[in-house]
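Written below as structure tokens is the structure these notes are about.
The first chain written gets the first letter, and so on, giving A, B, C, D, E and F; residue counts start at 1 in each chain.
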Amino acid sequence: MGKILIINPNSAQAVTEGIARAVAPLGPHFEAVGIAHGPATIASDEDVARGGLDVLEMARSRPDARAYITACFSDPGLDLLRAEGTKPAIGCQEAAILTALARADRFGIIALSERSIPRHLRKIRQMGVEARLAGELALPGVSAEASGRDEAVYGLVCARARELGDAGAGAIVLGCAGMAPIRARLERDTGLAIIDPVLAAAAIALGTILG
Amino acid sequence: MGKILIINPNSAQAVTEGIARAVAPLGPHFEAVGIAHGPATIASDEDVARGGLDVLEMARSRPDARAYITACFSDPGLDLLRAEGTKPAIGCQEAAILTALARADRFGIIALSERSIPRHLRKIRQMGVEARLAGELALPGVSAEASGRDEAVYGLVCARARELGDAGAGAIVLGCAGMAPIRARLERDTGLAIIDPVLAAAAIALGTILG
Amino acid sequence: MGKILIINPNSAQAVTEGIARAVAPLGPHFEAVGIAHGPATIASDEDVARGGLDVLEMARSRPDARAYITACFSDPGLDLLRAEGTKPAIGCQEAAILTALARADRFGIIALSERSIPRHLRKIRQMGVEARLAGELALPGVSAEASGRDEAVYGLVCARARELGDAGAGAIVLGCAGMAPIRARLERDTGLAIIDPVLAAAAIALGTILG
Amino acid sequence: MGKILIINPNSAQAVTEGIARAVAPLGPHFEAVGIAHGPATIASDEDVARGGLDVLEMARSRPDARAYITACFSDPGLDLLRAEGTKPAIGCQEAAILTALARADRFGIIALSERSIPRHLRKIRQMGVEARLAGELALPGVSAEASGRDEAVYGLVCARARELGDAGAGAIVLGCAGMAPIRARLERDTGLAIIDPVLAAAAIALGTILG
Amino acid sequence: MGKILIINPNSAQAVTEGIARAVAPLGPHFEAVGIAHGPATIASDEDVARGGLDVLEMARSRPDARAYITACFSDPGLDLLRAEGTKPAIGCQEAAILTALARADRFGIIALSERSIPRHLRKIRQMGVEARLAGELALPGVSAEASGRDEAVYGLVCARARELGDAGAGAIVLGCAGMAPIRARLERDTGLAIIDPVLAAAAIALGTILG
Amino acid sequence: MGKILIINPNSAQAVTEGIARAVAPLGPHFEAVGIAHGPATIASDEDVARGGLDVLEMARSRPDARAYITACFSDPGLDLLRAEGTKPAIGCQEAAILTALARADRFGIIALSERSIPRHLRKIRQMGVEARLAGELALPGVSAEASGRDEAVYGLVCARARELGDAGAGAIVLGCAGMAPIRARLERDTGLAIIDPVLAAAAIALGTILG
């Protein structure tokens, strides 16, 4: 029986392996793959556009999969996957925001970079859920790696989460996969629901194939 | 380790057992309970209000649970559970609609009764996602039991789903637990994503405790 | 001929009497009642849920009334009253916000507690009128009694009203019945329309029985 | 003590007198005046614009009034009155729609003419309450006079109200003053809340001067 | 062949001549006229209402025109022109905001006076485009003349534009005709799209008569 | 001095030439180019994604241009062009809808195919202007060529436009470049504002370089 294929649109194998480990607690239903010829990281809008075509091609090459997850916070290729057929295609930004809406009345996002905030706001408006956004804050000068591993950065992330909580957010979406390792700790320390995008997408996808 | 407690606010044990069977494929993480002194079915707004207090009391009596699901399409007690503490509290109507949004651009609902449609529309507006509703249609004169078991009714449900598809819905929420048995078949026959509320809530809840 | 029954969901007789005095200028059309077994004050979400059932029961015991007002800013039982029949059921939070919209382009709310603000925002979104909210500010550390009687607090309330005016509000809703005594003075001092919820509900209810 | 001045922007004295009679049950707080040099009826957008200036001039000539109501469903001059000062200025279309929102989850409008529907929709969008509109229907070929007095027309109005009720409206705004005489009967016959604009405005205005 | 008639609702001939010069680069398709008996400037809401009737009268006196532009940021008479017939009637505030939306995801406005901001927000809500507003800032104490000619004021305008850019605006609407002379320079200095209302209206109008 | 580069993302030279002719009345400011290796027509979502990268590459190869127009109703590459730099980048679907909003209160779209309607609705929601959409209708079975040249089809287009007018649309966007030749005639016959996307984009772009 086919698996849920989680497609990481970049070529960083460490990222792909991290994804596989992150979803392992949900059972043996997932396979994570990267794009060997993809960029080291998806940064620009052009990267997102090219990455979307890579994700589509990968999905076409794996008709055995039962569902697809596009595992980058920009959701590259999500519309292309949905136009391609009727198999479930789940985007991790969308899944994270929707899971936040299942947890609390309003949500916040912690982004890595100031520059990505306008793009996120556009997506939120496209999703039609802007009425429930409490706010979005960035971690300027913090790298993706440091965001989930550096103790000094952890304090900053905590402070940002609390600011968003004060602004009315009951659930916080982590806007960068790098923060996954601190999810559970941040949830305990802040009392807020903290949402990891890949895990949110994996859980929703699981419901589509096991039901 | 605690389980995800799925609280059925009525006293119909067959319904509670059906819920337990429905989520079993997701693993041994769930426990379904009913309310012994609850009504046979939640029908009126007063039933929903009283059911909400029953759900709250049940959750308080089970502090061992790691998360709670309110398993009735009216989401009784959901706000009370969230006000009570920080453990995940997932409503099955909310989870179903949000999962539909993770599957397609616009969604539809198939309700059992015409009378429940205004209540659903109010909830959708409260959720702030009305921009993505393609429509809602009812199955007048069909009982909850027949909705998932009667072959003649199946044809009607199929027709309703296709009407909603023609109106732009790419995902359809089943607005009555009785329809759960026909979910997968309906998905195959219509090519639309078909969402069962309890399953949707269970999958999202799973992501909150296994991540 | 029946009266408009104003139901105070708590057991504080002084509050019930204050309500009766407040609406007296509108004529002999009103009767204010409390809930003898209710809590001293409606504070938690659970209080609101239980209070709603008390309000419903009281209304059922008084079929002679021509209309009902639920006289607590959380509008407990409002949906239950409306589901019960076709007699007018007016909530004082709703009536206050709608009256503010009849007075000015955008409105503000002065709440007693920071904690109630998210609940008010949810109600405003449910009402579908969020586009006209200029802002909401709280009076942290101020008691309900002091809010309408303490001269030092009056200065704070004035300042809050002016801040909301600067943010674009032309009408201010007093989010706590305790502030009723300062309504007219605040209106004169700030030049803004100041709305008392019980009075707003009483006036709208009057139009439903005298027309 | 000053009164609430209800300004009818046309020169039809019978209409002005009808308004005075309609609000009499609310007490001796009102004075209705017409515009002697105004048109027989406010029909075109230009009539509305000119009528607005007439309403402003009348209000300026009556500084003794404590509040103003602009008594034509197009609310001529409402913004001008509000810009002029801080005395309450209530528009009857706005008041009717807001009162409908205080009575039910969604509302409908029965307009006299098809041509006025787009104008009403624009006003509703400007008010920011379009999420709660169930629909608007017209009575083509019916005159203002016949709309409230002709038995055959009454049947048509009833049918329209029921259609709007089936579309989800719990409250219906009468979009023409001519229908005032049938308000109470229509409410009894349909079980829906039926709102007369002038009465709705008068009740809200009363709350502003008696509180 | 008729021209596009740009109607300046005030009597300041220098303003009318400035408009004519500003649109000259678009070709010989325009004629700018003022209202000889109009006020020196349109300031109050009453000025806007009276100006609207003047604009309508002017348009009626010039049936040779192929399209009309109402050249004041309050768009006086725009609805009247549209109700009058089917010739294109373009408002410069509307055209400026819509052109900003054609240039960037979100827009800002630089207003001359704090007092005009609520009026602009009401218009934006009436237009139904509030989801794309990043913010609006004023230049308190700056005159219309100085806004486009004073070097010290230029620095302030630049700062305001950058603040709006930081808040997410990619395009800035100049809310006062006086700022037209600094449009191109401001665009170069800030890297943001800067929109002059009259020019925006003229370009859109041109497309309606040359297509 | 550079020109406004209109980029047709397909390889059909007749289409590119038609565009050049259509904008010629606006003056010698435009240059239309096609993508030699592009598809004969942009049909699928994948075509749009690949076309967007082609448009970006073409724009990069023509740094002499002063502004760019992406001349396909799906607006391929529009976000990429905007992310690339600060030169004006105008999409023809966006420009057409915005121009419709400058002409009338509500707008409609006539699409060639039923299948494209959901995609257009998504774009309209992303633009945040859904409150002003009166409706969208398709011309099933009609080819792009026939849509602007076949007399029998013209009758159908007229009927569709009138239906949208009856639904409240005052301006109609032609959702296919093929209909350009009938724009002016349709405007005369229906009394509605009829908007051609390429012309709308060209006019707005002109304002950005000549101001």
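Throughout what follows, a contact is a pair of C-beta atoms (placed from the backbone, for glycine too) under 8 Å apart; a residue touches a chain by one contact, two chains touch by 3 or more.
If you want to know which protein each chain is, UniProt gives these names: A, B, C, D, E, F = Aspartate/glutamate racemase family protein.
For clarity, every value in this text was computed on a predicted model and none was experimentally measured.
Trainee: Chain by chain, through touching neighbours only, how many steps does the shortest route from subunit D to subunit E take?
Mentor: Tracing touching chains, the least step count from subunit D to subunit E comes to 1.
Trainee: In contact with subunit C and with subunit D at once: which chains are those? Just list them.
Mentor: Touches both subunit C and subunit D: B, E.
Trainee: Per the definition at the top, count C-beta pairs in contact and tell me whether A-C or A-F has more.
Mentor: Of the two interfaces, A-C and A-F, more C-beta pairs touch across A-F.
Trainee: At the place where copies subunit E and subunit F touch, is the share of residue numbers found on both sides over half (same) or under half (different)?
Mentor: Same, since most residue numbers here occur in both copies.
Trainee: So if I superpose subunit D on subunit F by CA, what angle comes out, to the nearest 5°?
Mentor: To map subunit D onto subunit F, rotate by about 120 degrees.
Trainee: Quick one: report the Å distance separating subunit C from subunit F, using the average Cα coordinate of each chain.
Mentor: So the centre of subunit C lies 51 Å away from the centre of subunit F.
Trainee: How many angstrom lie between the CA centroids of subunit B and subunit F, rounded to a whole number?
Mentor: Once rounded, the distance between the two centres reads 42 Å.
Trainee: Can you list the subunit D residues in contact with two or more other chains?
Mentor: Where subunit D meets two or more other chains at a single residue, that happens at 105, 122, 125, 128, 130-132, 170.
Trainee: Counting only chain pairs that touch, give me the topology of the graph as line, ring, star, complete or other.
Mentor: Basically it's none of the tidy shapes, so other.
Trainee: So which chains actually touch one another? I want all the pairs, not just one.
Mentor: Applying the touch rule to all chain pairs gives A-B, A-C, A-E, A-F, B-C, B-D, B-F, C-D, C-E, D-E, D-F, E-F.
Trainee: Can you check the complex and tell me which residues of subunit A touch subunit F?
Mentor: 44-46, 49-50, 52-53, 56, 79-80, 83, 122, 125-126, 128
Trainee: Going by the contact rule at the top, pick out the subunit C residues touching subunit D in the complex.
Mentor: Answer in residue numbers: 22, 25-27, 82, 86, 88-91, 94-95, 98-99, 101-105, 127-132, 170, 183-184, 191-193, 196, 199-204, 206-208, 210-211.
Trainee: Tell me, which parts of subunit F touch subunit B in their complex?
Mentor: Listed in rising order, the residues of subunit F that touch subunit B are 117-118, 121-122, 125, 130.
Trainee: Would you tell me which residues of subunit A are touching subunit C in their complex?
Mentor: These residues of subunit A touch subunit C: 105-106, 131-132, 168, 170.
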